[in-house]
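Both of the next two complexes hold chain A, though its partner changes from chain B to chain C.
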Partner chain A sequence: MSISAAPEPSVSLRRRIKRFMSDQPLVPLLILLALLVIVLQILRPGIVNERWIANTIKFAIPLALLAGCQTMTMLTGGIDLSVGTVATMSAFIMSTQVIDHSPAVAILICMIPAVLIGVANGIGVGIFRVHPLIMTLGTSLIGIGCLQVYQRTVIATGTKVPDFLGWLGTGLSYGIPNALLLFVPAAGLIIFTLSRTGFGRLLYAVGDNEKAARLSGVVYWKVITTLYVISSLLAGIVGLLYVGLIKAPSLSLVEPLVLPSVAAAVIGGTSIFGGRGGYTGTILGALILTVLTTLLTVLQMPEGARRMLFGLIILLVTAAYLRIVEDR
Partner chain B sequence: MTTSPLLDATGVAKNYGAVAALRNASLSVLPGEVHALMGANGAGKSTLVKILTGAVSADSGSILIRGQAHEIRSPAQARRAGLVSVYQEPALIPDLDVASNLRLTRTPVEPFRQWVRELGVPDLDLGETARDVPLAIQRVLDLARALAIEPDVLLLDEMTAALPSDLAEKVLDVVRRQAQAGRSVIFISHRFLEIAALCDRATVLRDGETVGVVDIEPGVEERIVELMLGSRMEKARASAADADDGRQSGTTPRIGVRKLRVGAKLQDVSFDLHNGEVLGIVALEGQGQDQLFGALSGSTRPSGGVIEVDGQAVEFAHPTDAVAAGIAYVPGDRADALLMQQSVHHNIALPFSANPRSWGPIDTGRERDIVRSAIERLQIDTRAQGEVQRLSGGNQQKVTIARWIAADARTILCFDPTRGIDVRTKKEIYQLLRQLAEQGKSILFYTSELEEVQLVCDRVVVIFGGKVVDIMPAGIASEAVLTRASYGLPRDAKPASDTSAVNASDKLGPS
Partner chain C sequence: MTAFFRGKGWVTGLFIMLALLLVFTRVIQPNYGANDFGSLVRAVLPFAFAVAAQTVVVIAGGIDLSVASMMALTSVIAAAMMDGATEEFALLVVPFVLLVGLSLGALNGILIVVTRVPDIVVTLAMLFVLQGAALLVLDAPGGSAAEWLKELVVGTASVPGVPEAVTDWIPKGLLLLLVCLGIVWIPLRRSWLGLSIYAIGSNQLAAFRSGVPVARTRIIAYAIGGLFGAMGGLTLTMSTGIGAPIPGPYLLASVASVVLGGVVLGGGRGGLIGPIVAVFILRLVRTDLTLLAIDPNVAAIVEGTIMVVVVMLGAFLAMRGRTQ
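What follows is the complex of A and B.
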């Protein structure tokens, strides 16, 4: 048992850095982010300016919010691969319904599939004990199928993105992205939930040791069902934000963000085995991924090579980060 | 004795780290004999079995089979040397069918079929998946598989424990005939009745040493118990005046257990747990105590009988129901109770947020106060607060109890809470349990260390073969009395010819 008191003077510098990193797991992430920005600035002098920062934040926000779904589900040892479908559905349904209804009604309607998929995920994982990977993949495919059927019925209607969503998604006020109006309260709420509410505690507890949680009176399926509904609702909101940013609803709108959202949570230090992690790291993970994408675009590589490099860097960063942070 | 032993193990020793599991064990089995291996919990029985069958290797000592020295380093080597064992748990691979299981161990099929029939299972389908075969039949298949390869020495570990009486009879019959055919059987059992009916001699282990080899004859039970206890045998017994079972008989018990049955293991258990009482549970391994605690904590559904809380019959569908009734369970394995990656604080506060009504914001100030007072009360070493997995075993165990003190549970079910922790922490836990009882809480306390009963408990319930065999005040529950009771023998030493002794053990046979 390593119940060590204050570090002795003989402890090497390396060891002390390691201990520091393991106590402050966010520091290596901040360093990595700063390094990426510096490299970018060296490669393209002058690229890092106010506008670039605002743009990066704008694109990092939907990713960070989706990664919030992954963070919360991963804390329980799960994952939510249906977030892409849910977000796409809510975006597409809203932008078609808004033609006949007021935006508020359209938004209410588009949240129905999100809730349904969340409930299905929660029941499947929590009661029938389907592996979350399979369960959410299954509902995701079903959801996309339904959306294709739905598209036929509204093919003549056309689509529209309400102005306020465009304003929220792409607009800047005094050089600051408006999306932060949504992101800051949402992120604050997630961080508060995870650290200061009973529900948040249970996410860690269930992911750490389900049996112990059970013996303490925790009813697994209630926690899991609530969790997946929250995750789906958040994904639905991301869909609305994202369609405001891209302004072209399609049947695969948010799908490309799903795997990066998992990567952002993992890079941010959330364990896919549950019980360990937090949302602050995930936000940094999303920023790192966004900057990395810019960096690879700037390098002007062929698409294939860029993707290979992207995957490789994610693997290396995650492996290195785990080595730095784990103090064993 | 002129015949040379078939199996002769001498001076066998095994250390696990600093703990000596076996110091100087010997076991000598003659051809054509059924030999019982006996010893109380922790005497080293299972270690010796593991060494003989090659599951672990001994640090020193020699094992001769038919006079030849053998190094047994793996179960396969043990098998080649002619020693085959049937373990306590079914050994068939559950997802394979019976035929594939046989192929896996290169068991000849025809002799296997014959043995299965002989053991009283006429209609076995070899194509059936092992998982679908009832547990009792699986044990029979395990035995048939061992018999089919015609071993010189057959080792049976609690073979009859899970069997209904007709199958058990058949098994005993077959074992007897094995011996008549000149082979040897090592028979491990907690049931004196079976041992008396089957075995020729018994080797008794205590604290990792062989302390005696006795011939099985009428009245030998007392001699065996004496050997198992050694110097702990207390001649002087407390006076009968202490034997007052009717404590608080006028008040409603906190928990009343009435004819409780759980599965096949727990058959008929009734007792009361009163407010302000520490009630001990004593049983040899596998007598149904796990199921009893499972049922009381809401983890396992009872198959019969009633559990009453404060006089009201209750049905627990989930541990959350038991927790709501103020009943907390501290499992024997700390890994089942702790969130290893979370802080001491979060571990103790876990029950607070279990109920959906308390899923909202946490009153951190209040929570900190409650948790801190629980930490102080149990004197948990908080230098490694960050993650519970960095705490010592004793401190981890304290956390599991502190949680329920913080949650103010009225009843705590402790399953062997002092196993594997240091002496000082043990003493602290004894004191704590006494204090809790003085505050009017009630505690059910299963222990595998019999001397703890008199240190902690007010009364003690002894369970054997899934039934309560004795309830006595702690005052007379010396280790000797408890050992005797936990083997199903009557409370006081009497000549075994006495009819009451026979009756008492009669009742306890497989039913």
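What follows is the complex of A and C.
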């Protein structure tokens, strides 16, 4: 046994590391995250402290939740590009409605467009079989239009962010961000749903082999419609959290997070073709992107160079990750 | 005959729709004339090139999210190079910018082939890279364009022997569009290379087994997409006289027109004429909504709804076609 196991120790070690990494796809992500933090600490000694960590987590949470929408839809081979619009709509509508209504009513009202867009996405993708990329881009275009018309009607009302959302978005309790109160249960629920429930298995099944899933009795359109409604609702909640964090509702509030949310899910190892991935990796992906943004800000590069680096790093990380996980 | 309509039915339908829309425009605005048509064409130009870029890539089975950034980058490069330069210098700028587009498009393809990362992610990353590069070239709208370039898209073409009433309806921009697209597309479509592009989009494995160099063809498809993107960027500079580093709304419009134009997402089917007609239809709808004095925001909703409904209908018909 000992003779055949290690004919050449160095090669075997490399292969063993590779095997280990591909069995534990989260390890390389953790290493990358640690590396980024170390680089940041070297560039700006002392920046990594309790407050910085709390801040990073605070900004990573909305991204991670939005990336949760992408993870779930990507598992079925889809993508949800309307999350930015949905989140912006819910944030804007809530902050204008809260002036006339109590916060609870305002939040209920602002979830209506989220559900509508989710249903529209689900019907388009599930029944009419429109490509999810197109469908969600289209509904987000419609949503933005509606929001602009809506803004016209409430232009005199002004906006307000309820205190408890501010508390949830920016507050710290004992140095720990309050947003974790929302994030931990939500993330737990997503992970539990994906790995332990029938619905989660359906998502993987549909994404892995739609035909096989159909033949085994999965009702495709029901799964997809439910999925897109859940995704939209989650995006609506993110909008509320994000407006609590930013405190200035605008018509393009969450839009800048959309493409990074796709990137976070992809970096986290969710296959864009469906059937493979999970939410834990996505959370790490969101953290990596947030730290990366800080790093690029600290380097004080011009905006253009920052965007270029951001793009290059997404590409590099995804390529390296694919190589590690897929080469067996 | 039936085969002809099954094959060309979609494009024929689009032409009929465009004609109906033009008639409708004439009805709601009796003064709608050659001048307005000229400005419609000018507005369509950058969209049309974005659509052309997207079409080639989609036929090859990919998708290019970086097309709007590509146009922004090439536009600012052109505007920055022509700023303060002589008119003759612009003769060098145009081929240079086209070359930049071609090589950046090829870079897209090479990255997809070499890294094996999904095309959506690669072109998403390139979206950021190109956008950043555009901001590095010009951090605010600026630069200028040579006069002769600007004149290429202004006014109408005069063809000897054709009465003016007819040439009035042929804006120079339309000719420019047709010539630029035709020079690239017609030889391509008739060549072995064009066939290979359709082949890898339709069935990559089958194409590979029939001896099509899949990787090389994919790179070339993206390169041609980049070339069209650069043409789009140049038309942006031509029609505005400056370059703006922030990408316009061309990504969504290009994908929508490609689908509306009968090109199947996933590749292998469709042509260039359909998407180009589709982009005219979408712009004309916008014009009509403006003429009807509809709030531009409501117009955005209508536009989005039309897009979604048409795409849904197309997908539904495609599904019916498959099951039959």
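Heads up, the rule we're going with is that the second predicted complex is superposed on the first by the 315 of 328 C-alpha atoms of A that agree within 3 Å, B and C clash if a C-alpha of one lies under 4 Å from a C-alpha of the other, contacts with A are read in each partner's own complex, and residues count from 1 in each chain.
Note that in this section contacts are C-beta pairs under 8 Å (C-beta built on N, C-alpha and C of every residue); 3 or more make two chains touch, one makes a residue touch a chain.
What you are looking at is a predicted structure, and each value in this text was computed from that prediction instead of being measured.
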Mind working out whether A:Gly138 is in touch with chain B, chain C, both or neither, as first, second, both or neither? second
Kindly classify A:Ala305 by the partners it touches after superposition: chain B alone (first), chain C alone (second), both, or neither? second
Name the chain, either chain B or chain C, that contacts more residues of chain A. C
Would you sort A:Pro256 into first (chain B), second (chain C), both or neither based on which partner it touches? neither
Between chain B and chain C, whom does A:Cys146 touch in the aligned arrangement: first, second, both, or neither? second
Between chain B (first) and chain C (second), which, if any, makes contact with A:Pro45: first, second, both or neither? neither
Applying the touch criterion given at the start, work out whether A:Arg201 contacts chain B, chain C, both or neither, answering first, second, both or neither. first
Considering only touches as defined above, state whether A:Thr318 meets chain B (first), chain C (second), both or neither. second
Under the touch definition given earlier, write down the residues of chain A that touch chain B in their complex. 1-3, 5, 192, 196-199, 201-202, 204-205, 208-209, 211-219, 222, 226, 275-276
Touching chain A in the complex: which residues of chain C? 63, 111, 115-118, 120-122, 124-129, 131-137, 139, 245, 252, 255-256, 259, 265-266, 295, 297-305, 307-308, 311-313, 315-316, 318-319
Residue numbers on chain A that touch chain C, as the complex places them: 79, 120, 124, 128-131, 133-135, 137-139, 141-142, 144-146, 148-149, 152, 259, 262-263, 266, 272-273, 302-312, 314-315, 318-319, 322
Where on chain B does chain A make contact in their complex? 297, 299, 318-320, 322-324, 329, 331, 335-342, 346, 349-356, 358-362, 364, 381, 383-384, 390-392, 403
